[in-house]
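Look for chain A in each of the two complexes below; its partner is chain B in the first and chain C in the second.
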Partner chain A sequence: MTSDLVAAVDETAANVLLHAAEAALGTRSTSGSSSLGPFGVSYSAAVSFSGGTVRLVAPGTVAIDGLRIDYSLSLTLSIDLSFLDFCLPRICIPTPFGDICTPKICITFPTISVPVSFSDHAKVSGDFGLDVTLSSGEWVVDVVIQQVRAIDLGTAATLLLTAIGTAISVALLAVPFIGPLLALAVGIITAAFGIAEVTGLLAAVVNVFMAGLRFEVYRHAQTFAALPAGGPFDPAVDVTLASVTAEVQASDENELVLSADI
Partner chain B sequence: MSLTQAHHAFAAVSQEGLNEALAAFFSARPHYLHYGSPPFVVASSVTTTLIDPIPFPNTPGGISWAVDFSVPAVDLFPADGALPPPLTLVAGQLALATTVDLTIGCRLSEDPKGRVVPLRTALPVVAVGHPVSRFFSPGVGDISFTVDAVSAQGVAPGSLEALLECLVRMMLNAFLEDVRLPFDLIDAGFFKLALEEGPLVADDQITLRGDVS
Partner chain C sequence: MHALDSRYLNLTNYFAHRFTTAGTFSYGLSPLPSFLVEPDRAEDELSIVVRPERGAEQQQHDVVVSRRDDGVTARPGRLEIALGDVVGWSTDGTLTTGFAVRGRIGDTTVDSTAMTDESIFTHAFGSPGEYRWADAHGSTLYGTVQVVRPEPGDERHAGWTAELGRGTLVHVTGERAEPETVEILVGQTVFWAVQRAPGISITDVTLLPGR
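This part shows the complex of A and B:
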């Protein structure tokens, strides 16, 4: 049975709708914690989405390839420097007046916080499903992430690894008594994690934003003025959308089809 | 064949959807169906449209009259059944059935007060027409309807039938010009349509095609 109203877009137009939905989503932010090798990392992150290419797959998949995620990260590494702790033993020098001894001196190093700011972008490919809801008198159609197929971080991990190394060196310079141990400390710390760990950290942050990601491609009042009031004798003509469905229909080209009954 | 064909966007309203929309329109604005002069219509309102009586010599106050249409029922090509001859429905056309109540105030003979009594006849008519569109900018446009021919059955002589058919066609076109269905209704607000093709009538629906922005 044919619906009262049918609206369809091909993949070209679906891209237009998706990109508008990405812009409408705006900037999303979150914070959390993760790890970088043996070190704890807390982060706050803000991302925005843009681009990507839509492929429509019947009966209900909107595949998006190359979805760009621009992110800004504020990382704080927590590095326990206790591995540098040392003690100068008590040393006594015999003299005619008796032994002169130095006190035993122990140096303990604190746990330092190393802030790192970093911005870059990733490209994600994933499959989204269609979700139609009637909420608070409005019909809403979202495309909702079903699975992330690929995350391309580009050269971000390498750049972030370098940025972290630089930040650690700067932070260590401010640690009292570390002078002679600076090179040793930097070497030990940066050897504790590598590109794989940084890549894992970035992927984890990106996945936080991908989880539950949804783009709103349709929102419409269930009852709306199809024609606005036009004068004293022409009140608004209200129409109610009793039902709305969305699907991908396959033919000689796949289309995203929205159907509604008045 | 895809819905969008060589275009990027497609919108359609089915015959049932169109009749629902027309019912909503005339329910909200019934004055488009009801016209007349006093005493049948005393003031313009949401429900009626006041028009002067027909002036005529030596008829004080003129000839009072009223015309009332039932909510038109639209049948989109292909026709659901046979149309009254000579009407036929071809691709791109729609049929429209309504009943026209024609009323005149018949002046009582020799009544010194000039009182009138209503004389009324109900005339079932079927019309054939086509949709027309206006497009102003993406998402801003509408479709309306133009009647091409009317058939009023059972009227004799033939010259009276032709007269009534012409009269009803003019009146239908006059008020249908104000019955406009915006693109936003037909595409359910899914996108802002930049019209490139249509409105077309086929398979019991009116279709629009174009691009989105």
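This part shows the complex of A and C:
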């Protein structure tokens, strides 16, 4: 059965639609919590999408490779320093009033918050499906994430691991009574997590933005004037799109095809 | 929390007094300096009975100060000591705002916020830096404590834990400190021994307005 109206775009045009949709989506932000080894992490993150190459795969997949995600992260690590707890010994010295001894003083180390700011980008490849909806009198065609095939974080995990280590050292410097325990503390804390954990954290944050990700590639009013009014006795001719479907059709070059019945 | 200020005795402080007058020292404990509020009075007033005779050796008696529901408490609340013995007060850390000791024995006032004679104040320094201190009550007394963090390679780095057991004495006579400047390691303790002073405090100058 043929449709009343058919529109088709090839992969080149589909790329143009995607990049316009990325720009229209703008910056998205979220916040949440995760973990880094034994330490809790709260974060806020903002991302924007750009680039990527569309491949159309029949019957209904829009594969996007190399989708670039630029992100800015504000992490706050919560580090319990109680493993450093120790006691100052009883100290006795001679004074003009005889030998005087202080009592033993036990130092309880706090849980510190370590802020880390970090920005970089990742490249994601994933498969999107087609979703057509009628919303407030407009037909909207979205591509919606179905699965993330790959996340390439580049060198971000290494850089973030270094940034976290530096931030921890700075934060510990301000902790009273840490003294020469500073190096020991930094060593113990940074040994508690490594590249794998940082990679996992970054991937988790990227996945938060990928979950449910959709790009709007087409929007059209359900009812529109097909012919303008020609005069007082020749009114405009309106057309109502009763249904719209979207699919990828295989031919000598795959195309994204929109079909409408009026 | 660990500021250098003898008017607020905190976890890292110790205040001690040698009693050289026989009689009963009735005193109060205040969670704030005594010039701001009157000391709390426990149901059973805190007291130290100083016997008129000296013991075979000078003894030191420690009193632990804690927060309780309706104020401040001391353990033990009552003591009997020999003439010339020393009593020292410290907190178990439950008094986060600090406390002060004030009372009288005979004609003598013993006040940790305004030390005059036979008194010791100690402070353990937790962070490196230069601490210039002065008397919050306006005398000309002053001094400096240089606190350094031993770096790896410094022999004091490896032996830091043992170094924490060493104290450094500053002898305050009248309005003069000797030595005026001392250098210690992070975590070490300075003892100020106060004699014939006009009622002084040991206060970080950054806490003093106009300094």
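Following the convention adopted for this analysis, the second predicted complex is superposed on the first by the 234 of 262 C-alpha atoms of A that agree within 3 Å, B and C clash if a C-alpha of one lies under 4 Å from a C-alpha of the other, contacts with A are read in each partner's own complex, and residues count from 1 in each chain.
Simple rule for what comes next: contacts are C-beta pairs under 8 Å (C-beta built on N, C-alpha and C of every residue); 3 or more make two chains touch, one makes a residue touch a chain.
These numbers come from a predicted model, not from an experiment.
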>> If we overlay the two complexes on their shared chain A, which of chain B and chain C does A:23 touch? Say first, second, both or neither.
In response: neither
> Touch check for A:103: first (chain B), second (chain C), both, or neither?
Replying inline: second
>> With both structures fitted on chain A, tell me whether chain B or chain C touches more of chain A's residues.
In response: B
> Does the superposition put A:13 against chain B (first), chain C (second), both, or neither?
Replying inline: first
>> After the superposition on A, what does A:170 contact: first (chain B), second (chain C), both or neither?
In response: neither
> What is the contact status of A:196 with respect to chain B (first) and chain C (second): first, second, both, or neither?
Replying inline: neither
>> If we overlay the two complexes on their shared chain A, which of chain B and chain C does A:188 touch? Say first, second, both or neither.
In response: neither
>> After the superposition on A, what does A:5 contact: first (chain B), second (chain C), both or neither?
In response: first
>> So in the complex, the part of chain A that touches chain B is made up of which residues?
In response: 2-10, 12-13, 16-17, 218, 220, 224, 226-227, 233-239, 241, 244, 249, 251-253, 255, 257-258, 260-262
> Considering the complex alone, what residue numbers of chain A touch chain C?
Replying inline: 88-103, 105-108, 174, 176-180, 182-183
>> Show me the residue ranges of chain B that touch chain A in the complex, using the header's touch definition.
In response: 1-4, 7-14, 16-17, 20-21, 24-25, 28-29, 31, 44-46, 49, 180-182, 184-191, 204-205, 211-213
> Any idea which chain C residues touch chain A in the complex?
Replying inline: 1-2, 11-12, 14, 16, 18, 58, 60, 62, 64, 86, 88, 90, 93, 118, 120, 122, 124, 126-127, 149-150, 152, 157, 160, 164-169, 171, 185-187, 189, 191, 193, 195
